[in-house]
């Protein structure tokens, strides 16, 4: 089975203070990018998975998120799986 | 009494905590390694400051899986005392022993400075010998000390008298000017619902000698000592619990 | 042997001149392999070989009863009593920090920390000396934020306090910033470790991070040639610091050093595995055989040359006793670190490296180290020198509002508060910081004793520009005076010599003058140079930086409780100036800030006079006569008085001065050998006696009083207001 | 014109040390997720843009990346624009 590449997006939960997003937004405004609003800064994690079915892999990556990659108190996450072409 | 101090990979303030226990308090200090599985009879466990696992991903995220943490959790469930300072506070939140989370300072910069921590409740083993409203001058040194929690959690913390320290100015006023990192409600430290687990960002262990940092931090350690000495009877005030 | 043809052209790509390449062929008696050429390229680079500076560095005084280890090892060491040694060194990371300020500065800190713990010392303090271009240069704020962030990131994470430094802005650094990092550690003097391979058959052990393509071809070459428009293309892969791994490495190494397994140890710094293996072999007059297939790699496909030359961070090379392998491995495994036996010590005096079954290097160690080129490059005093020194005080207009001038100075980039910088540094970790940044020198208690170390870094590059000899003298003198100001006895120096392109005669002249200045001042003050670093080629498009010999000074307090700080302590204390104020404004900050002039010879200095002043201050500190002490430096007496008032208590001072000189010279002139002290009135007599004994001018200026600084009719400055402006100036200009 | 949502992915450049990714990978292995390899940790930034053409917006966001959001010396970035449906 060909390998899979997992992409995990970890984003600040709505309503939770996101100092980084706020500061980046302010800095963008200072630089003249006035069109920008609602900036959030999160994490983007990529990893290679050995050969496994898509469903199994999805379940495993979700477990990784629940246990380590995201903190449910302040963060949401989203997982994408794509074929690993490298 | 016996204090256990856990060393995680990347702990930096473990040596200072051990020194305070032995040389300043004159108590027994037990150095605990993160791969240990028991607390070797420690009455109070300190999770020290530093950068466990480099603070990579999130502060405290990886340390919570250390083998020692199972023992710390069990100790806490039994009502044992746990004191998390700075990175230790972050680990306790990550491990679910304390509510909320610590995110990057609003300035996005690391900040090392002296702050004033106002004692909000004496109904904890860590503040039982202090006066409510009294002010401690303590150092902070962190990049991610901004305390956040959702509104429900915050309301609960207030209602159950779990906010133990707030950042204040020299006159004891709590306000944005006195807030070094953007913490909601100027919160500098909280305790668990059972009151035996405390996490705080300021460093009482770095304020225990006149020569270096002053002595205000001793109040916290002395409270624990007397609380344990008389078997938890010197409870200060009762928690000022509001009807839900 | 490698098939790729090595020619003089290929050699030029490796930074070797045609003559140097000819010499390579001569010492080998054959053409080098491709890998060998790479080894020569880095080992004979300016950065690693000191080929332009070595002949001159020999002039520096390096011995004294306090010296345990002088230059030549990873760091110097001096005796601090009770069986302990202070181990310290300063090093530059200028070019990498200009390319990537955050990671460049961070890895600079990581590198100097390794130099110190390699010696068996636990690092107890970091300092950083920084030079940036004009604050209104578009790139400066970005560079400042990046560098300060990177220094904090590394030092904070690894848990070593950053307790001081210095920071200057000058157009001369617009395209060449300086990032000099200093670390001091403490070790038992009978447990110092050195980098001398010995014992044929002993295993060579690699520990720490895996090897990647970082800095290949390389940071050392980058630091050995001037920047120009094409420099970007030559950029090596930027090194990223991993302070977490270094923390593990530090603890594991110190744990191992508590055992008897180590024969020699050396960090892998510039020129990576190659230089650490060769240096250990060279110092121990031994040979070494490395099996490159056993080097832990981060990614597949590295060539043997890349493995040899990679500058990946957080790695160490050890020679351990035969039979110790398992014990050594156990310690590093416990700390979750890579450990691999990659070779052994041999007795044939040859450095051999094998890869995939073939020998890619077979170099006589002595040829590389002893036959390295040494250049006595031409030096010549530039014409501009005399021009710059010309300055006529009488022609200078005196400003009307001196309080306004003082405020202007207090808000200027070089005099305003550095709090914005050091707030981003953990100053306390370790629990021994008795004087935090903000004073004249930092004071760190020596663990387990009643003693303290005083630490400072100094250099006024304007003085050095105007007179590279006197500038260097004054850098040493100011550093020593800063140490004395906290009540400590100056012990020894580490120097970081930052200059332009040594192939230019005027730069070489500046460099030689700088060496002479450091030599004379260190001899006079009895503070030998025990370690240091030379950074040449700080120049872009033909413009070089002002000469910047940064001096790090370490001093000792027998009783750390007796340390002093600059700040007023109590109303009613008398304020005394020790030393003489001359009517001189040449080379001053005032002249630059208020009149836009960089002119004149640096302030007058006499080393005998300076020594007498320092003796008086030390005696007074030891007798505990003083409430505060502060050296008078940039900005002169008025700025020093203001700084003494900014200590938090908000105490001001009332000063009356009588002098026949111009008010601006009196207030803002930078006469040397002056110390501003405050003390209880009852100690005045004793201090006067001490001063008289040493023939040091003694003037009661006034007393600590009120909440304003009032100097005669000239200055009336409310402290709160001035302090706020002095503190806000830097964050406002840097933007955050 | 309806607004756009920009998604910016900032990832460590290949060959450059990614201490964060390495440490996360080790932790995942300790937790038993042995199938994981080549973990990299980057940033994921979302922001709302005012109404503008897709081409113009793309150019602007790239400018933001060059000037602030990514550090070209050690990081790569990728931009996606989608219709803002909120």
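Brief remarks on what is shown
Letters are used for the chains, namely A, B, C and D, taken in the order the chains are written, and counting of residues starts over at 1 for each.
We take it that contacts are C-beta pairs under 8 Å (C-beta built on N, C-alpha and C of every residue); 3 or more make two chains touch, one makes a residue touch a chain.
Note that the coordinates shown come from a computational prediction; the quantities given were computed from them, not determined experimentally.
By number of C-beta pairs in contact, C-D leads over the other of C-D and B-D.
As a whole-number value, the distance joining the C-alpha centres of chain B and chain C reads 37 Å. Between the CA-based centres of chain A and chain C the separation comes to 41 Å, rounded to the whole angstrom. Each of the following residues of chain C touches two or more other chains: 242, 244-245, 336.
Contact with two or more other chains is made by residues 53-54, 56-57, 62, 65, 107 of chain B. The multi-chain contact residues of chain D, meaning those touching 2 or more other chains, are 19, 23-24, 27, 31, 41. This structure has the following touching chain pairs: A-B, A-D, B-C, B-D, C-D. Touching chain D in their complex are the following residues of chain A: 9-11, 24-25, 27-28, 31, 33, 35-50, 52, 57, 60, 63-64, 67-69.
For chain C in complex with chain D, the residues that touch the partner chain are 99-100, 102-103, 209, 212-214, 235, 237-242, 244-245, 298-299, 312-313, 336. Contact residues on chain D toward chain C in their complex (touch as defined above): 15-19, 22-23, 26, 71, 73-74. Those residues of chain B lying in contact with chain A across their complex are 57-58, 61-62, 65, 93-94, 99-101, 103-108, 146, 148-151, 182, 184. Of all residues in chain B, only 53-54, 56-57, 62, 65 touch chain D in the complex they form.
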